[in-house]
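To keep things simple, chains are lettered A, B and C as they appear, and every chain counts its residues starting from 1.
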Amino acid sequence: MVFLTAFVALAISWSGFVLVTQLQLGRVDQAKTIPAGEAYPLARSGQAMQGAEVYRSLGCVYCHSRQINQQGTTVEVTLVNAGTNSANVLGAIRTVAPQFGQIESLANVPKVLGQVADTAAADSLVTAISEAGGQAMVEILPSGPDISRHWGTRRSVAQDYIYDPVVQPGVRRFGPDLTDAGRMHPDAQWQLLHLYAPKTVVKDSTMPGHRFLFEQRKLGRNPTPEALPLAGDFAPPAGYEIVPTEAARSLVAYLLSLRADAPLYESPVTPPVPPATNDVAVVTK
Amino acid sequence: MKTDASNKSDRAEAEPTVAMAPIPVWLMAALLVLLYFGAWYFDLYGGWFDAKVYAPYRSIPDLARYQPNSDPDANFIAFGKKLYAANCAVCHMDTGVGNPANGCPPLIDSEWVGHETPDRMIMLISKGLTGPITVNGKVYNTGTMLAVGDSLPGDEKEKSTQIAAIASYVRRHFADLPGSVKPAHAEAVRTSIKDHPGNFTPEQLLKVP
Amino acid sequence: MTATISPVPGPIDRSCRLPLFALFGCAAGWLVLSSIFGLAAAMTFHNPSLLANCPMFTLGRAYPTWAYLFIYGFGVPTAWGAGLWLMARLGRIKAMNPILITVGAKLWHVGVLVGLIGILSGDNSGFEWLELPRYAAVILFLAFMLMTVWLFMTCSWRTEPNLYPSQWFVLGAAFWFIWIFSTSVFLLQMHPVRGVVQAAIAWWFAGNLLNVWLTLAGLAVTVYVLPKLAGKPLHSYYLALFIFVTVALFGSWTGLPVHAPLPAWMGIFSSTAAALMIVPALALGLLVVKTTSGEGQPACMGGVLYFAKFGAFMLVLATLVSAVAACPVVARTTDFTWFTEGQIMLRLYGFFAMTMFAAVYHILPRVSGLEISLRRIRMHFWLAMPGSLLLALPLLVGGVRQGLRLADATVPFAATAQAAVLWVRISTLGETLIALGTLIFCVNVGWLILTYYRTLLKQQVTEALALQPVEVKS
């Protein structure tokens, strides 16, 4: 009887959190970003996969989480171009979105008009503005402290983890979240210096240095090209140089591969504007 | 260290017994209240087991409220539709069937509209067209199509934007082509034909890729 | 004076002696080692560069080693040993096949050693509370099955047909461990599932291990020791059954953080379950108070009862704290901070370790016929009790301070860590007291086992000497 209770209780929870989870999320595959339609996520390089092993083996997860929380989402409309007849555009805005009635002039574009309830409302406003000859854009902005700290652009979802050999979302933030480590610090040199002596690049860092990932070599005739540029308190003794080992390099490759800002259906976001490229076709006559 | 000879009786001690006091009612009440609140909370925020619903979203309809417009060009095309109605529909009709009696070719099933690149269309709208034109195997004795594009209001940049919008609408609506024509592209094309005198002829346009 | 082996232990107690010596002896040793690694991990927050050059003592290795040794080195063997003894005593039957159980116990400790070496050399699985590498997991699972088969046999051959509540708890705990351990090892290490499902299973395992297994295994001892030492019957059969059922039903859903990167229903389910755990916690508090209060104060005012009672109250406290912290509004602040640590420490050191100390101090004298001096048990209590409070409570306070700053994005990140530093340092003091306490525990257990064998040896030598003249004569 008692045994039966225990069996039933555990069986229910097992089917709930193990079986159903596997059925719901176990076969999640590459998805298409919205609206660009690119495949996400992309598989990691071999070196980055080795780095993931180093990450696990050193127990980085005991200080760093890799999951972004989100507390809300706002939809914001920005006027990009007021066109020739700005009175007309202003009229259109007031008709479609009376809540922006306090806007008096459309000078100084791009100008943030304000928040609307959802993307449908935003789209009708943008359509009205286009019809009046102006141009506007919609931005979907997730919010929350994690996002304000620039640790990520949106909440983390199952899709973000499918190519991790060992999934470690982590539950501690004794160090910052690493969801978007590759976007925050895309410079491999920065990452290596940070691993060797964190205080060289982050003054207040409480992270212990990981000097055992580096090799102290006697300086040969020519310095090794990948030796770390260290000075002051952190410099090795004269006549020596600090060279990252294979483990350090692959760990950095893994850290640089950490990026989870693709807009997905489950977690909509307007991606930050990429640098403008002027790819206008040259027309021959 | 002390041996335990003195405590013999303690070793053969009796096992504890158990009394049969009932469970207090308030405990059951607490359980029910918590269960009720749990169910209420789940109904509100739990997303009813949907694998796509993550906090802070509450349900699929809630999530749908924040989806970006899956067609980023929709607004631009809507703008083009309005311009088409004002400037083109007189001859080509709202439905794009044209007016063959007056030598005005249809836009539906037209290889000109369905052409891969929009450059010909941008040039044609900008400067107009003279001479008979073959559309879908049929010759239309067009007299002259006016230089609609050049006569649009605004400066060069605004003209390009409007022409791009019209071209986008026509391509999407009558030929089902994806995407839109970018204003910058229209502007570049217009810059390259800036010095062209008068209207284009179909032969001139066919040379353009 | 020489200690002689008391003839007192009955046949049932004697049958458990060998397995229990094997289980408790090594477990005490692992506990001391675990405390050392716990202190090494804490050092990172005093001076990050102190132990940084030795990979073994970096936080990322010392912390999993601490947790692993606590659960698998100390927790499982002591809880299992106590369970075996309770089964035998309450079922009025000798432990079945103690030799094989002892072999299983030894195998378990070999497995723990293998896992320890694996983790220290960087082979930890990467999943919390299941840090042990695959090869160690296989050894541990085999050892556990070897022991548990005989536990189940002992139960089914019992001569006392009526089950006492402790027996349900022991059976439940054994069953729970087999299920959650095999599922997690298989789906995380043998045949890893893909993506975030791994995290869900790891959290499910952690929740079941800490909130159900630990609770069942501990309460088996609590509901036995309390009425026994208080000299009164257990207050209510129904209340005990109610606790068992609710812990099994609700506890098994806990463990997933509400903001985890999983569909909303999972986090909400889990936090609701954690809130529902308030009910068994209150029921337990009631049961303990009613059982131990009032007349019939125990003749033996020893430390053992204190251990068990304190442990039970800490479980009530820990469960209430977790219930509050699982509430999404609170979790927003307390998740990712020291608060989580404090809550776990309350459960591990406040409840589980204390209850297991009570079990060991209660059982070992009974199976060996040797007494551990009350003075040393009391000394242990007065180190462990304030130690566990001093460890857990400052972490809770520091965690809230850290969380409030983390939730405010205008506070620089360095300041969020800084907000808790003082409190973390105070908690290290508590951890040191606990470490000293575990040292005394280890000495107590080791002394008892050594004395037992020394006396046994002496007795045999004496007997042999006594026999010799006879042999010579004949």
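To be clear about the criterion, contacts are C-beta pairs under 8 Å (C-beta built on N, C-alpha and C of every residue); 3 or more make two chains touch, one makes a residue touch a chain.
These figures come from a predicted structure and were not determined experimentally.
Novice: Which chain wins if you rank chains by how close their C-alpha centre is to the centre of all protein C-alpha atoms?
Specialist: A
Novice: Centre-to-centre on C-alpha atoms, which chain is most distant from chain B?
Specialist: Comparing chain centres, C lies farthest from chain B.
Novice: Check B-C against A-B and say which one is joined by more contacting C-beta pairs.
Specialist: Looking at B-C and A-B side by side, B-C shows more C-beta contacts.
Novice: Distance between chain A and chain C based on Cα centroids, please, to the nearest Å.
Specialist: 39
Novice: Based only on mean CA positions, could you tell me how far chain B sits from chain C in angstrom?
Specialist: Measuring from centre to centre gives 57 Å for this pair.
Novice: So what's the Cα centroid distance for chain A and chain B, whole Å?
Specialist: About 24 Å, centre to centre.
Novice: On chain B, where are the residues touching two or more other chains?
Specialist: Residues 49, 51-55, 57.
Novice: What are the residues of chain C that contact at least two other chains?
Specialist: Counting only residues that touch two or more other chains, chain C contributes 259, 261-263, 269.
Novice: For chain A, jot down the residues that touch at least 2 other chains.
Specialist: Counting only residues that touch two or more other chains, chain A contributes 24-25, 69, 71, 155, 157-158.
Novice: Per the contact definition, I'd like the list of chain B residues that touch chain A in the complex.
Specialist: Contacts found on chain B: 49, 51-57, 63, 65-72, 74-76, 78-79, 82, 117, 119, 153-155, 158, 184-185, 188-189, 192-193, 196, 208-209.
Novice: What part of chain A is in contact with chain B in the complex they form?
Specialist: Going by the criterion above, the answer is residues 20, 24-25, 34-35, 69-73, 75, 83-84, 117-120, 123, 126-127, 130-131, 133, 138, 140, 155, 157-158, 263, 265-268, 270, 278, 280-285.
Novice: Where on chain C is chain B touching in the complex?
Specialist: 3-4, 6, 8-10, 13, 89-90, 164-165, 224, 227-228, 233-240, 242, 246, 258-259, 261-265, 267-269, 272-273, 275-276, 278-279, 282-283, 286, 290, 328, 365-366, 369-371, 373, 451
Novice: Can you list the chain C residues touching chain A in their complex?
Specialist: Touching chain A from chain C are residues 44-45, 48-49, 51-55, 58-61, 63-64, 122-128, 163, 168, 171-172, 175-176, 179-180, 183, 187, 192-201, 203-204, 208, 241, 244-245, 248-249, 252-253, 256-257, 259-263, 266, 269, 332, 335-337, 340-341, 406-409, 412-414, 416-417.
Novice: Hey, which residues of chain B end up touching chain C in the complex?
Specialist: 1-5, 7-8, 11-13, 15-24, 27, 30-31, 34-35, 37-38, 41-42, 45-55, 57-58
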